[in-house]
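For reference, the structures are reproduced in the following blocks.
The two complexes that follow have chain A in common; it is paired with chain B in the first and with chain C in the second.
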Partner chain A sequence: MHEDNAFTAAVSLILSGDAVLGEIVRLSLAVSLTALLVSAIIGLPLGAALALARFPGRSFLVVAFNALMGLPPVVAGLMVYLMLSRSGPLGWIGILFTPSAMIVAQSLLITPIIVSLTRQVVEDLWGEYEEQLRSLGSTRLQAIPTLLWDGRFSLITTILAGFGRASAEVGAILIIGGNIAGYTRTMTTAIALETSKGDLALALGLGIILLTITLLLNAAAYATGRIAQKVAG
Partner chain B sequence: MHGSFSILPLRAEGLTYNIAGRALVDDISFEIARGTRTIIMGPNGAGKSLTLRLCHGLLKPTLGSVTWNGAAYTEGRKRHAMVFQRPVMLRRSALANLTHALSLTRSSPRDALSRANEALARFGLVELARRPARILSGGEQQRLAMARAWALDPEVLFLDEPTSALDPTATRAVEDMIKAFHADGMTILMTTHDLGQAQRLADEVLFLHRGRILEQTPAKEFFERPRSDAARAFINGELLW
Partner chain C sequence: MNVMRYILVAGALALCSLPRLASAEAFITVASTTSTEQSGLFGHILPIFKDRTGIEVRVIAQGTGQALDTGRRGDADVVFVHAKAAEEEFVKEGSGIGRREVMYNDFVIVGPGDDPAGIKGGKDAVAALKKISASNAAFASRGDDSGTHKAELALWKQAGINPSGDWYRELGAGMGPTLNTSAQMPAYTLTDRATWLSFDNKGPLEVVVEGDAKLFNQYGVILVNPGKHSHVKAEQGRAFIDWLISKDGQNAIAEYKINGQQLFFPNAAETQ
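For the complex of A and B:
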């Protein structure tokens, strides 16, 4: 198929609401958004706690989470694969090659981003607020919700960054999900497969949707920053 | 205003604060009686801000002690508050800054809200209630910080150069608030480098120089007949450090 035709075909595929394409997009969003939710629930309090707590080994954890932000998706996939494969320690759960396992793998990728960026945001705010909050009688523990709320705009950007990483990665979900049509096939794994098979229309259609999502994410991050300027000063 | 139980007098005994072996606050002792307005004066770097922070419990003394009404003060809810040179406002509305502070005293949300509104109304800040606190002017923010302190109903208020970053109008507004607090029965311990302000507000002056107390004198007497040479030089504008 010629590229021009592929592009036209891709657009009409999107506009016609193609069922296969729709299902792939739905699954991708479901997996990445669930992973994002899991990571935010773990990462926001953990990041804030890491910012405020003082204990031996804290520096090591800070460096470790920073390093994990750059964890290659295929390596994350491999690690989760080793855990979940039949002979692995968590093999008995039997979720390898299911969307649940993909959520686990993506959570592993996003959580360090949310932890590290949250720690930075909360640490900076604490530096600014510490004296005032202590004067008001706040303990470090009580300061955690205060600082998370006051960092809300930066944290939204952080969460958007996490979602960006999850929705763009292919290595982890390919290994863990297996790219099974109609079950674990996502936008990125489908693009990889369809391109190699030569079905450029579907690949391109998914690519356009992925790009649009990225664009929307960045617009949202930008708008958040502008609103923050107005509201938070 | 607090019934018969008072945390005052506040007593500092042999208060010393060292950093890297240098005594920045050096063995100072004084007593603050209920209902007084005491102004700590002294040249730059004399240890005024450190002394306030030690009394407020933000810093732990290296040696010596701060005691309230005879007992080392460890009660959960603080009965003293502090206003800083630069107000630190949270990234939320003016009203939410007050309710946040009140929630830390274990007030119920309903009580916190009504007390916060009362404080804003008392000091003419109602129009600011919904505005984001951090984009208010410096003077508005400092008045808000004062109202926040007042809402906590402290028995003692510490103020560290509360007007040094403000224009004359805002300075007057803050001074009026300090007078109102005092009229409500609050005990005031503040620092300022503004001699005029000290003369307008002080009942007594605690004069610090190089981390030591040179005198604690009734205000009128301090400005007319200071006991120490350093204080005399300071009043004449000859002692800057």
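For the complex of A and C:
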């Protein structure tokens, strides 16, 4: 593949129905979406609990999660690497250089984003509905499911922010996955590889494909949100 | 606490949902260098090996220093690198066993075509480095403890120069990124021939010095010591090493070419 133009490279890659490209796209989506699911399952309830619960050290946790939104991927990657390495404490699991390990690393990166943004959404909703919920006899913690459900449309953006971080990230999965051809090579690590090989057109072509996929996913999420909002009245 | 329990259950569920992607197929993990991976050599020889043995080889392409460290930690079964002294140290300290030499290629000095240091066409790598230093022409160093970086430092040592100053730029990057940067500066740099031939963004760079015996670049393969890391797949790792130095493996290496140029020269027979 030696196209001079990135768009030509992107288009001819897609048109050729390249099996390798298909596998790379599939793995990228599988890793990022699974990490997103894990993070949402942990982050949504945790964020809501952090918004409503009152306990010593709460402010510290809020600041900590906010700060972790800026956790450099390469640092997260290194931390997971040292944990999962055969010489590390979790080495016995033997999942370094596998997609599972990449999911762990990306979950570590996205969970703080979901926790922090969810906390903000739920805090605002609690401010709005506190009296109403209290008059119904609800305590702060009992209000969590209600408020999460009520804030579901705002929380879609939270989820999308998490997905954006996961799908755009290269630093962590490069260390954790090892960029193994046909096994742990994703869109972003393939782009990094083609850049090092000096095939800039192909690298940018892959970038265009990645952006297009991200755009389509976001459009789908937006449309789903709009339709659901209409149905909900 | 209701909420805590919910969170714990959710966390447990999340951990269980991690896909179990362990394949039923036999595979080994090989820590190797960017030159073998990015030149396309592995893309050529690994399918042949898999065809013969059914063993899949998963390659992590790193600098030689990092690849040896990956082996040292037990995160690979085999290391396939190019820095003889560091490899022998790796064996001596007990991290690896049974080092075998597989093939060689050579390093070349590349630089801008207008040749500010006036070294084009030379054969003596050490003399060329002396001239680069004397003329303060920009030189880009890998600076990443890779095999190429070690080779470069050895050449400076032979030149009796401790490179420093504005002209000497340590990039801390792989071979490809270093070539990308050198093409833009532009700067002289030391590269293995395989990466150079398969590199697509050469810009003003061209080969200026080649053919010095000092630029010889030997690749060796080592099994990570299963006595130290019991999970190492010794049998399959050994099968890979044995195949690389067999007639079949050596032929596969020799027949890999880019634009008609052979990239790696098998020499397992001569060196054992």
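The rule is simple: the second predicted complex is superposed on the first by the 201 of 233 C-alpha atoms of A that agree within 3 Å, B and C clash if a C-alpha of one lies under 4 Å from a C-alpha of the other, contacts with A are read in each partner's own complex, and residues count from 1 in each chain.
What we mean here is this: contacts are C-beta pairs under 8 Å (C-beta built on N, C-alpha and C of every residue); 3 or more make two chains touch, one makes a residue touch a chain.
For clarity, every value in this text was computed on a predicted model and none was experimentally measured.
Student: Counting only touches as set out at the top, which of chain B and chain C does A:173 meet: first, second, both, neither?
Tutor: Once the two structures are laid over each other on A, A:173 reaches no partner at all.
Student: Which partner does A:146 reach: the first (chain B), the second (chain C), both, or neither?
Tutor: first
Student: Where does A:231 make contact in the superposed view: on chain B (first), on chain C (second), on both, or on neither?
Tutor: In the superposed model, A:231 contacts chain B only, not chain C.
Student: Which touches a greater number of chain A residues, chain B or chain C?
Tutor: C
Student: For A:197, decide between first (touching chain B), second (touching chain C), both and neither.
Tutor: After superposition on chain A, A:197 lies in contact with chain C alone.
Student: Looking at the overlay, what does A:21 touch: chain B (first), chain C (second), both, or neither?
Tutor: neither
Student: Mind sorting out which residues of chain A both chain B and chain C touch, each in its own complex?
Tutor: Dual-contact residues (chain A): none.
Student: Which residues of chain C touch chain A once you look at their complex with the stated criterion?
Tutor: On the chain C side, the touching residues are 2-3, 6-7, 10-11, 13-14, 17-22, 29, 34, 37-38, 42-43, 58-61, 73-75, 174-177, 179-180, 198-202, 229, 231.
Student: Please name which positions on chain B make contact with chain A in the complex.
Tutor: Against chain A, chain B makes touches at 56, 58, 76-78, 81-82, 84, 88, 90-92, 100-101, 104-105, 132, 134-135, 152.
Student: Over in the complex, which chain A residues touch chain C? Could you list them?
Tutor: Listed in rising order, the residues of chain A that touch chain C are 2, 30, 34, 37-38, 41-42, 45-46, 49, 53, 85-88, 91, 94, 96-100, 103-104, 107, 141, 144, 178-181, 183, 193, 195-200.
Student: Okay, in this complex, where on chain A does chain B touch?
Tutor: Going by the criterion above, the answer is residues 128-129, 131-132, 134-138, 142, 146, 149-150, 152, 230-233.
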